[in-house]
Every structure is written in C-alpha cells, then in structure tokens.
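Here is the structure we will look at, set down as structure tokens.
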Amino acid sequence: MEKKIYLDNAATTRTRPEVVDAMLPYFTEKFGNPSSVYEFASQNKKAVDEARGTIAKALGADITEVYFTGGGTEADNWAIKATAEAYKAKGNHIITTKIEHHAVLHTCEYLEKNGYEVTYLDVDEYGIVKLDQLEKAIKPTTILITIMFANNEIGTIQPIKEIGEIAKRNKILFHTDAVQAFAQVDINVNDMGIDMLSASAHKLNGPKGIGFLYIKKGVKIRSLIHGGAQERQRRAGTENVPGVVGFGKAVEIAMATMEDRAKKEIELRDYLIKRVLAEVPYTRLNGDRVKRLPNNANFSFQFIEGESLLIMLDMNHICASSGSACTSGSLDPSHVLLAIGLPHEIAHGSLRLTLSEDNTVEEIDYTVEKIKEIVDKLRKMSPLYEDFTRKR
Amino acid sequence: MYTEKVMDHFSNPRNVGEIENASGVGTVGNAKCGDIMRMYLDIDETGVIQDVKFKTFGCGAAVATSSMATELVKGKTVEEALKITNKSVMEALDGLPPVKVHCSLLAEEAIHAALWDYAEKNNIKIEGLEKPKSDIHEEEETIEY
Amino acid sequence: MEKKIYLDNAATTRTRPEVVDAMLPYFTEKFGNPSSVYEFASQNKKAVDEARGTIAKALGADITEVYFTGGGTEADNWAIKATAEAYKAKGNHIITTKIEHHAVLHTCEYLEKNGYEVTYLDVDEYGIVKLDQLEKAIKPTTILITIMFANNEIGTIQPIKEIGEIAKRNKILFHTDAVQAFAQVDINVNDMGIDMLSASAHKLNGPKGIGFLYIKKGVKIRSLIHGGAQERQRRAGTENVPGVVGFGKAVEIAMATMEDRAKKEIELRDYLIKRVLAEVPYTRLNGDRVKRLPNNANFSFQFIEGESLLIMLDMNHICASSGSACTSGSLDPSHVLLAIGLPHEIAHGSLRLTLSEDNTVEEIDYTVEKIKEIVDKLRKMSPLYEDFTRKR
Amino acid sequence: MYTEKVMDHFSNPRNVGEIENASGVGTVGNAKCGDIMRMYLDIDETGVIQDVKFKTFGCGAAVATSSMATELVKGKTVEEALKITNKSVMEALDGLPPVKVHCSLLAEEAIHAALWDYAEKNNIKIEGLEKPKSDIHEEEETIEY
C-alpha cells in the first residue's frame, strides 16, 4: 500500500510504540492474574494501580475513584444505567443532549423504554448546550445530567464547569462522556464539578478495548457487570492487565505532551480550515470556531454526498470520516449535524478530518488539493448542483 | 465493502451528464435519504434508446448503480428497458452490500421515471409502466454559507 | 526472580508468543477502526471476521452467531440479564447451580433483587448436577437454564448434552458458562443443544479483556452494552481488534493441539493426584475422578488453612490457588467446596493446581515434595491437628 | 500484600508448640471463619509469663499475629500482658491489610482466653479481664477420607 494520510483520529488512533512496549511484558512474562495471592501476580496488581494512579492524576482525582472498563461505551452505559437504578427512589428523569454519542443516546433510549424520562437538550448552531434550557429542564425527579465534554463529530467543547455548577446547585449527579476530550484538553473533575467521567484508551494512542469510569467518592452507583471482586467490587472480570498498563502509558505521554501537541494541531487545523473554506465554494465549517477540539475540522460541502467523497479520498489514500465511524453504513445523516440545524441534504455532504500531531503541512496541502478535485467532480455529477446552477 | 465492478463504475462512471432537450428525464430519490438520481433519455422515433445520461447525488453504490443502469438501457427499446429490474442492475455489478440494495431500486425507478416523462411528453401509453412514486418529495430549505 | 512453577492456569494463562505476534500489527500498523469505510480500516474488519470464523468453527457454529465481549464475565452477564429482560413476558424463573462462577451467581442474585426467581440446584459430592432435580425445578415460568460447562475450582464437567436435551424438551433457553471448557474439551453447540455459551480468551493462552458470547440464530436477546452498531448491533463499542485477533489465534492453536495437550495434561495430572493422595495423609481429591478438566487437580488437606499453604508454596516459587482467584482475599471458604459437602474447616484447607502442557514431571515432583513439607509444617502448628492426634 | 515483618513472622514463627501442664491455655476462633488460635502460657508464682507457645490454624496474618503476640507477652507480668491490644500487635507487625485486621483481634483474644484459663485454674480474679466470648463455638462434623 502507498503511504496513507490518516485524518481520522477521532475514530481511533495509532497505538504508540512506547505503549505497546509497555504492554508487551504483561502478555508473555508477567501474565499473572492480579487477584492471585502469589508474588508473581501481585506485581501485576501494582502495575494496574500505577496506571490507575497516572489516570487519577490526569483528572485531579483520587486513585480510588478510577474504575477500568472494557471501553468508553461500557463506561457510558455503566454511568447512566447504574445511576438510574441506584437513584430510582429519588426520581426517574435524566437530562442529556441531542448531540451525544450513541453510547449515551441509545442507553438513554433504552431507559426510556424502562420507565425513565429523558430530556434531550437542543444545542445552538455551533453545537453548544444552552445553559438556560438546561436549568429549565431540571425537575424534582431529575437524577442525572449527562452531557459530553467534547463532541466526536464537530469537536465542540461544552461549558462543562458551568454545567457542573448547575448540577451541584440542584444536587443532581453530573456525568460527562469525555472519550474525545480526556488527555486532549485540561480536565479537573473537582474544579469542574464532575461526578462521573468516561474515557477510552484508543482515542489517545492507547490500545482498544480498555476504558475507565471515574466515579467521585461517595457517589452511590450499582455495578453494570456483576461477578468477581475486581475494581473494588464495582466492575467484575479479570483485569485486562496489558490494556490497563498501555492505557496508563498512553495517558502519561498524552498528558506530558498535551500543551505542545494541542498547539501544533491547532495550527495545522486552522490552516486546513482556512484553505478549505477559501478554496472550495459552497462549503461551511461545522461546530464552534474556537471552542473546539484542537484536532477537529468538520465541513459540509453543498450538493455532494459524504460517502462518495470518502471513497474517493480513500482512493487517494486519505482516511477520513463523514458521520461518526460506528454509524457509517447507516443511511441516516448525522444526528449531530441535524441538531445544529443543517438540512438533510447538507448534513449528508459532510466530512470530518481529525488530525494528529504526526500530520504534516504537506499532507494537509495534498488533502486540500484532493478535496477540491473530488468535490468538483462530484458536483459535476450532482443533480442538486445542476438545479442550483440552473436557478442562478 | 464494494465489489470491483461497483468500484469501477463508481470511479469511472459511464454516461455522466445531461442531454439537452431529452426525450425523457426522470428524477427520483430525495435528499433526506441521501440519494437523488436523475436520468436523461434520448429515444428515437422507433422507440430505441439512442443515448442516456445521468446525474446522481448519493453514495458509491448510488453512483455505480446509476452508471450501470445507463449502460444497460443504452441501445435498448423502451419495452426492453422496462424489463430492467434492480436485480439485473445488482447482478451486473456482482452484488451490493445489504444496506445498499435500495440504491439499485432507485436506479430501476429512475429509468421508469424517465420513460414516464417520455410517454407523457409524447402522449403515449407504455404498457406496464406505472407512474413512479418516488421523487424529490420535499424541497429542503437551503441555508446560508 | 528464580524460575517459577506456574500451576494456576485456571486463573489465567500465559499469552502465547504466537498470539502476541499475531496481535502486534494491529496496534501500530493496522490500527484502523473496523467500522470506517476506507480500505485501511476494512482490512481490520476482515481480521475480526476471520477470528470470528475460527471461533465459530471451534464451536460447530455459524460465523454470525459469535459476538465479541470484553471478557467472560461480560458474556455471562449479557446472556443472563438480557435473556431475563427479553423473555420477561414469558416468565421470571431462572435455573442455575450452586457451583457457578460468581459472574453467574452474582448476576442471578442481582436479578433476584429485581423480581426474578432463581433456583440454585444442588450438585452431588463430585460436583455434578442432578438431572432429576433439574427436571423437577422447571416451572411454566422458567425462561433460562444456565449451567457451567466445567467448574473453575474442582474441574468437574457437567452432562451438558443431557441438560441441553432437557432444556430443548421443555422449550427453555440454555446458556452455559464455558470459560474453563472452551478449547479444552470437545464442544459442539448444536449437538449439545446449547443456545448461548460464554468464553474468555485469557483462559486459553489468549489475551485478557476479550471474550465472546455465542448466541444461536433465532434467540432473541437484548443488548447489555448499548451504543454504536458493532457486532451486528448487539454489542456496542469500538472492536478490540488486537484482542479479537489474538483470541482467534489462540483458539486456532488450542483447537489444533487440543487432543495432544489433553493427553499430556491428563497424564501429568493423574501422576500428581496419585502422588499427593499416596504421600500426604488426611488428604482428599475434590471433584470427579474422570469427568474433570484435563488440567485440574483440587485437594483438601485436613487441619490446615489454604492461604498459609499458598504463601509457603509461593515462597518456593510455586504459583497455585485456593478458591478461585478473584475471591481470594475473601474470608469465606469456597462456595463450590461447600456445595459438594465439605465442612468449613476442610474447605478452608483446599489447594487448586491447574496445569498447562508446559509443566514437566520434574516440576510436579518438586511441587509434591514441597506440599509434603509445608503441609507437615502447618499441621505441626495446627491446633486442629493437635486435637486430632490427642483424640487418637 | 503483607509487610516484611508479617512475612518474617509467618515464615519463621516464634514459639510454635505446646506447653505440658501450662498455667493457662486459651483457644479462640472457629473453623468456619478459617482461623483458630491456641495459646499456652507458663506463668510463675510472681505472675510473670516465663514461657509461651502457640498453635494456629489460619492464614498468613493469623500465624504472624499469633507469633508476634507470643513475643509481646513473653516476660511480661499478667497485668502487662492484659494491656496488649490488637493494635499493639498490628503495630509491631508494621500493619495488616484491612481484610486481615480481624486476625489481630483474635491474637488479643487468645491472650485473654489463656489468662482467663490461668485465673480459673488458680481461682484468682484478674482485674479488667472478662470471660472471652470467642471460642470454637461449633465442632464441625468430620468427613471420611
């Protein structure tokens, strides 16, 4: 295969070689079960707790507040379902937004089928939650506010601290899906009033299949996965030691490089945005210009359809995404783009490019040229463009 | 995901374009579903499809099925063209992923819609052709850039 | 550290170097998200489905019937909770046994708190379910029978085919926790009438943090983890590609070597059992002499306590286990040993040794010598032994 | 899991054994919980503990606390021995894991039980010593091998 240009870091990231190196001994050498009593295995318990400590530090949390899961989705499911169950006596109302990841949305829909009431908050045209709407949505029966830290499609960062304050003032638990934000932007769970937070290693150059849920001390929440006494009896199942160790290493590196990385990514991202908007007509940038993830650019190209665009980019060895990865193949346009007010035909023509610090200006230049060519080609075959030019 | 044939027709679509003063033009699908196909037919006095062009807004499968459909109708009589089904389009492409089967339906409908337009313009009735139901049933509001 | 003797393969196993080699490219090279449309990622989808095919073949199942999970515990939770939910209209009764793993037991207890009724079947002194009791336990409201394939502590293998027939005759779903049995003994889900089956990679020299649930075509069962459309919309979350690939490789090897391996393990196991029973007085073998996992030996040494024994073995670089790994540290004696009728004091003095094909006769000889020494030492400090000798 | 001190006392327990015609013997704990401690005291006429031995059925912590307890009482007067608490045993061992704290309680109780036996045998009353409640409260049925 020719050299590819990977611009889909919101879907998943390359596991860093240093991370793999850190994991390797735990497969074939230090392979013991951390729950075993013998010395050979107890070193693994130590390794798991070291990773836990690294993650706790990255959040400004205590080491006892971090619980490993099988990924971001499980963490979201856990936070929402188990809170719903634990606080049933208090109420049955949950507040979330229309732009959450499906891990949150479908979990909420599941709860709706089981007697819970869910309010899906609107967002403004930039994808930001309206705080006054949030305040108004709160009822005596509200037991949970779950609002994502940063959106996976358009990169918009929510006013988490303000949401945390509203939650605290109203004595409601606040969970945030930080799968896209953790170790990318500054997070301090205490300063921000976060009671629960989900994250996933493979979004930050760690391995797939490992995530965590931060649960503030004192928050009573049930288990989602019952069984052995692992994770302080809150999440059963033999610990994924290599995964945990890899996660720890990835966080260690991501936190150490966060500032420089963000700076580099923002520069490249802004260059990309500037060129695309200037050189491709009938194009808009989705999401907020400033309150957005350092590596996210999301465009809508009028008159063309996203999948065609993606395949043609792929034929030019450029990896990109339209909606979120796990829903491509579905026929519905992105719920996030609809929520920020895009009409269907324009939502269908969207492209998400999510950078990493490894991308170069040359790659961006090449990508922009290809986008221009392809958009032009697709518009020439588009009946919508034909209608538009006729009307003019 | 796609077969080689689909990829070929997607990357080098045949018969893209418009026909000025076409004998029949049909547009099916809608932006909400993410697929719109428009087919232009040039039909001579003997009822043979001399030329065909298409424009498609849609996924890879939509483009490929449109392209393949134009190849299949070209040179056919109206009656023969009518017999082209979504299955024949799919088969000619060596198959489509299950979620994309609807695209081939759209191609069949696009042919029918263009033929219907041709029949209406010429005030004739084509045996077995019904008024196509699919069409752009709602104009989406446009937004400002 | 000096060379260790690892005799705790029921707790977890060493990941095979070939398995790690198979996984490695999926971390740093082929790291794409299988749900992405571009070629670079779709090769990962293929890799995942190849592993799925290997596993399906090992079960005599169809490739569409295997769903990856974050481990055996998640698979058990999924099978039981989601069946309970899906068949609520039909009934609320579940049948299981007293000797299940906590992943099953605690899930059943959770359901009991939520309006379900659970029958915990007794087992005989060898740990085998009584089929007549099973038949008698069935009610019009019974929706699920969940009985483990082989026990993790005493290694007893259940009459799965007979249980499957009873389930089928009564039109009740049958789930089996095969975490200890999969790829160790012959399994054919169709011949055995199994509707759902759980397994976990790290028990068969695969990586930790990956498991699967087999779900027979036509079995309606809900999701446990909601979100993206992965695993045919039944289990959300970005696929753990390296984990899945490693699982596939581990199964491939385990199936190819199963017969030889079992033969070797049984020989070594029987040698171990024979020596221990002959040379350590007041000792019994727990579990069935014949219907047992090839690699499992479980002893009770009267008058002594298991943890002390384990620590002393550990001081001699022998890794072993008393109850199951994830419950050591708890003060209760093994529920399995109590269920086969052992009194508490004897259940407390149990030792599980689970072999692998890598163990040697020399290791077993050394271990037997050490067991003799340690048991002797501990008995000399035991007030129970003092009482016993005085009484004689 | 265990401190070095615990591991030391576990692997080389001090004062294991029995004392023939001991001044006092106490047995506490029960097999159900997995810990039984028996302590033998040899106390001279002046009330000084001249010798002490123990036997323990139990986990590493149980053995280590028993051993440490014997070291702490040896040479002490009855009154001094009475002041030895589970906390002093734990401290002397540099701590115990939370799930094992109950073992140190057992050690304290074993001393008390042995002293109680001594007091009963000699028909004296030891100020501050209450009849220990813990004991083997049920003989488990034995099974055949």
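Lettered A, B, C and D in written order, each chain numbered from 1.
To be clear about the criterion, contacts are C-beta pairs under 8 Å (C-beta built on N, C-alpha and C of every residue); 3 or more make two chains touch, one makes a residue touch a chain.
For clarity, every value in this text was computed on a predicted model and none was experimentally measured.
J.: Please give the groups of chains connected via touching, computed with chain A left out.
T.: B | C, D
J.: Which chains are shared contacts of chain C and chain D?
T.: Neighbours common to chain C and chain D are absent.
J.: Can you check how far apart chain B and chain D are, centre to centre, with Cα atoms defining each centre and the answer in Å?
T.: Centre separation, chain B to chain D: 92 Å.
J.: Quick one: report the Å distance separating chain A from chain D, using the average Cα coordinate of each chain.
T.: Roughly 57 Å separates the two chain centres.
J.: Express in whole angstrom the distance between the two chain centres, defined as the mean CA positions of chain A and chain C.
T.: From the centre of chain A to the centre of chain C is 34 Å.
J.: Which parts of chain A, given as residue numbers and ranges, touch two or more other chains?
T.: 37, 307, 311, 329-330
J.: Which chain D residues touch at least two other chains?
T.: As it turns out, chain D has no residue touching two or more other chains.
J.: Which category does the touching pattern between chains fall into here: line, ring, star, complete, or other?
T.: Here the contact pattern is a line, an open path with two ends.
J.: Would you please name all pairs of chains that touch?
T.: Here the touching chain pairs work out to A-B, A-C, C-D.
J.: In their complex, what parts of chain C are in touch with chain D?
T.: Touching chain D: residues 282-284, 302-305, 307-308, 311-312, 315, 329-331, 333, 341-346, 348, 380-386 of chain C.
J.: In the complex of these two chains, what residues of chain D are touching chain C?
T.: It is residues 2, 7, 10-11, 13, 16, 18, 27, 31-38, 54-60, 62-63, 99, 102, 140-143, 145 of chain D that touch chain C.
J.: Could you list, by residue number, the parts of chain C that touch chain A in their complex?
T.: 1, 4, 6, 8, 11-17, 19-20, 24, 27-28, 31-33, 35-41, 69-74, 76-77, 101-104, 106-107, 109-110, 200, 202, 207-210, 223-230, 236-243, 307, 310-311, 313-314, 319-321, 324-330
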